[in-house]
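Below are two complexes that have subunit A in common, paired first with subunit B and then with subunit C.
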Partner chain A sequence: MNLLGAVKFPPIENVIEWPAWLFEDSTYFAFNKIAFIHFLGLVIPMAVFLLGARGSGLVPRGFRTVSEGIVTFVDEQIAKPGIGHGREPYLPLLVSFFLFIFIGNITEVIPFFQMPANARMAGPLVLALVAWGMFISVGVRHNGPGYFKEVLFPPGVPKALYLLVTPIEFLSTFLVRPFSHAVRLFANMLAGHILLITFGVLCISVWSASALVLIQIGTFPGLVAFTAFEVGVSLIQAFVFTILAAVYIGGALHPAH
Partner chain B sequence: MINLLAIVVAAEEEAPPNPVIPVMNEIVWAAIFFFALWAMMKFVLLPPILRAMEERSSTIQSGKDAADAATSALGSARRDHEATLAEARSEANAILAGARAAADERRAALQAEADTEIAEMRRSAQADIDQARAEALSGMRGDVSSLAVGAAQIVLGRDLDAGNQQSVIDQALSAD
Partner chain C sequence: MSVLAQIAQDIEAADLQNIEAAGGAGMAYGLAAIGPGIGIGYLVGQAVQAMARQPESAGQVQTTMFLGIAFTEALALIGFVVFILLKFV
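Right, the complex of A and B next:
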């Protein structure tokens, strides 16, 4: 699409279709840029935590400080308010969610990557399904089949209203929740990515069109500001996804609350 | 009908891909890497970090407990010290009072002894004075008699018997 004569936005396929680096494009194991970012989501936390585990002494230093900071943050700011008592077994999952998502998001502003893996639906969907499976299994393990009764027939509701409440609870808790959980992350990251593309394309186009160079005064600071904004969004979306997972698990663990 | 189906299929093929539909290869890799991270986090990565945090927490707690115990011991030692100090102070006061009483007693004894000695000395001095006075008076009486008799002889122009006049002179001197 041409705009202002010089501005040419890339087609949406550029954000969606990623050619395979390894294996055939059409196979289930086609390894593309998105898969590589997910691979970094595994390797970087491993490196940080393994280097952190080598440190010793009463006062943490270097990678130990980073890894302990992450664990403390997830425990204090996410697991404690989301799950509360009995949260310890779920800390590895929550730390994994947070780091995997954050790394999948922050590549949006890292040169040569400039693409958040979570702007693709696959990653958020996998993570949301894990969270979904986890909170249902936690609910059943801790409350037995009565968990479904607790969720579908909330106590204190007049019996006649169950006709309305039960289908809504079934839809919202067991069907819609994983998709809303995934789409929230995916849509935010895709929107942020498109925003950065828009400002980047505007900058390039305006720079090449001398008559419009004055607009650059607005577009370039806009690009810088939105890049900084997207750093915050990367962190916030990782936090939001993880705390929602914690709240779902906490709700399944203590359904009466 | 077949033509219509062919048109729909062609339209679907030409339509841009839907960004909301996940692709299988990305699902597979995301699942593999995420489950690997979760397993590593649960069994390898997190335990040493949590253990170190726990150890630090228990070290800090034991240090805190030791500090509390030391504070408590300090308070106890301070109380003991204050009790000892109070006891020593009271003992010192008692010693001081005893010493003061002994000193007062000694002073009174010395005072009494000195008073006795002074009185004795005064008595002795008075005796000496009395004796000297008596001696002086006796000596003076002889001189005064001879002077008075001499003066009377000059006034009367005749010799007087000093023995006869002595009683008159003694009477006059005694009148003092």
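Right, the complex of A and C next:
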């Protein structure tokens, strides 16, 4: 009766915690797979844009096509709807966010990595805190201290309702926003990682048991299909995180609407 | 009756705690998924309708749709985090 006895999900620590490669003794500087992916997320965009900046002439070629395509995509699809007028100073931040998060996500399906760096809370949390500090400083810089008044006491609300509106606005804008911004990315990537592991475990376990090979008919195409699905999720989550950062900055830049 | 008593004896306090954690975790995620499921279905349905009625504004509708999905699914994802916390921590 114990048909699925061979199928055993590994403990959660085994699938998200990685041993350190360098500086094992240090708590803060231990260099493991996650840190390596973050490092790649730093180096690859820099290399692409530095190589892209070398070319000259009117017609873009090679790396310049790639880098111009990325910048145009972020500008047209993310910065324009999110920030709108006056978006140019924030474009570098958004492009960096997009590429860093995308590289951290896409390692989920790349062999030998098989781990999204953003499935650990530290990465998304730091990025969300950067976006949080960014939109508050943009709001203060462009509207003065009146920015807080604008956010906490939105115009056009009856005076008595401020008792209700102000605490809600304070909580949702200044406390919950970075948290939900980070959790959205983190939980999506962790869920995708666990989903792929579940199908991978099913596929591996049933090789050994003879009668269970029939399950393989279902699980292996499932694994392939979910891998393709996760490629899309990586792109969409990078897009969503960046456009939310853009919307927050846009809301601080033009608080009237 | 004796079988039940035997089972009750075999179950230890730690097992009981695990069972309750697993049950609570499953319940938490299941309940958290209801609202966002309805919400995302309605949202995407309306977006498809908007795109079908006005294909020239499809790009704008799509961006707004992704934004709306991101806000709607936040609750489901927080439910998922609660699931992880209850089950594994």
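Everything below uses one rule, namely that the second predicted complex is superposed on the first by the 251 of 257 C-alpha atoms of A that agree within 3 Å, B and C clash if a C-alpha of one lies under 4 Å from a C-alpha of the other, contacts with A are read in each partner's own complex, and residues count from 1 in each chain.
Operating definition for what follows: a contact is a pair of C-beta atoms (placed from the backbone, for glycine too) under 8 Å apart; a residue touches a chain by one contact, two chains touch by 3 or more.
Since the structure is predicted, the reported quantities are computational estimates derived from the model, not experimental observations.
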{"item": "Fit or clash between subunit C and subunit B when superposed on subunit A", "value": "fit"}
{"item": "Subunit B versus subunit C as contact partner of A:L127, first or second or both or neither", "value": "first"}
{"item": "First (subunit B), second (subunit C), both or neither touched by A:L190", "value": "both"}
{"item": "Computed vertex angle (subunit A) for partners subunit B and subunit C, CA, steps of 10°", "value": "110"}
{"item": "Which of subunit B and subunit C A:F112 touches, first, second, both or neither", "value": "neither"}
{"item": "More subunit A residues in contact [subunit B versus subunit C]", "value": "B"}
{"item": "Touched partner set for A:I12, first subunit B, second subunit C, both or neither", "value": "both"}
{"item": "Partner chain in contact with A:P81 - subunit B first, subunit C second, else both or neither", "value": "second"}
{"item": "Overlay on chain A, subunit C to subunit B nearest C-alpha distance, Å", "value": "5"}
{"item": "Subunit B/subunit C common contact set on subunit A", "value": "12, 183, 186, 190"}
{"item": "Residues of subunit B that touch subunit A when the two form their complex", "value": "16-17, 19-31, 33-34, 36-38, 40-42, 44-46, 48-50, 52-53, 56, 59"}
{"item": "Complex contact set, residues of subunit C against subunit A", "value": "59-60, 63-64, 66-67, 69-70, 73-74, 77-78, 80-81, 84, 88"}
{"item": "Residue ranges of subunit A touching subunit C (in the complex, touch as defined)", "value": "12, 77, 81, 180, 183-184, 186-188, 190-191, 236, 239-240, 243-244, 247"}
{"item": "Subunit A - residues contacting subunit B, complex", "value": "11-13, 15-17, 20, 27-32, 34-35, 38-39, 41-42, 45-46, 49-50, 52-53, 55-56, 58, 60, 64, 67-68, 71-72, 91-93, 95-96, 99-100, 117, 120-123, 125-127, 130, 183, 186, 190"}
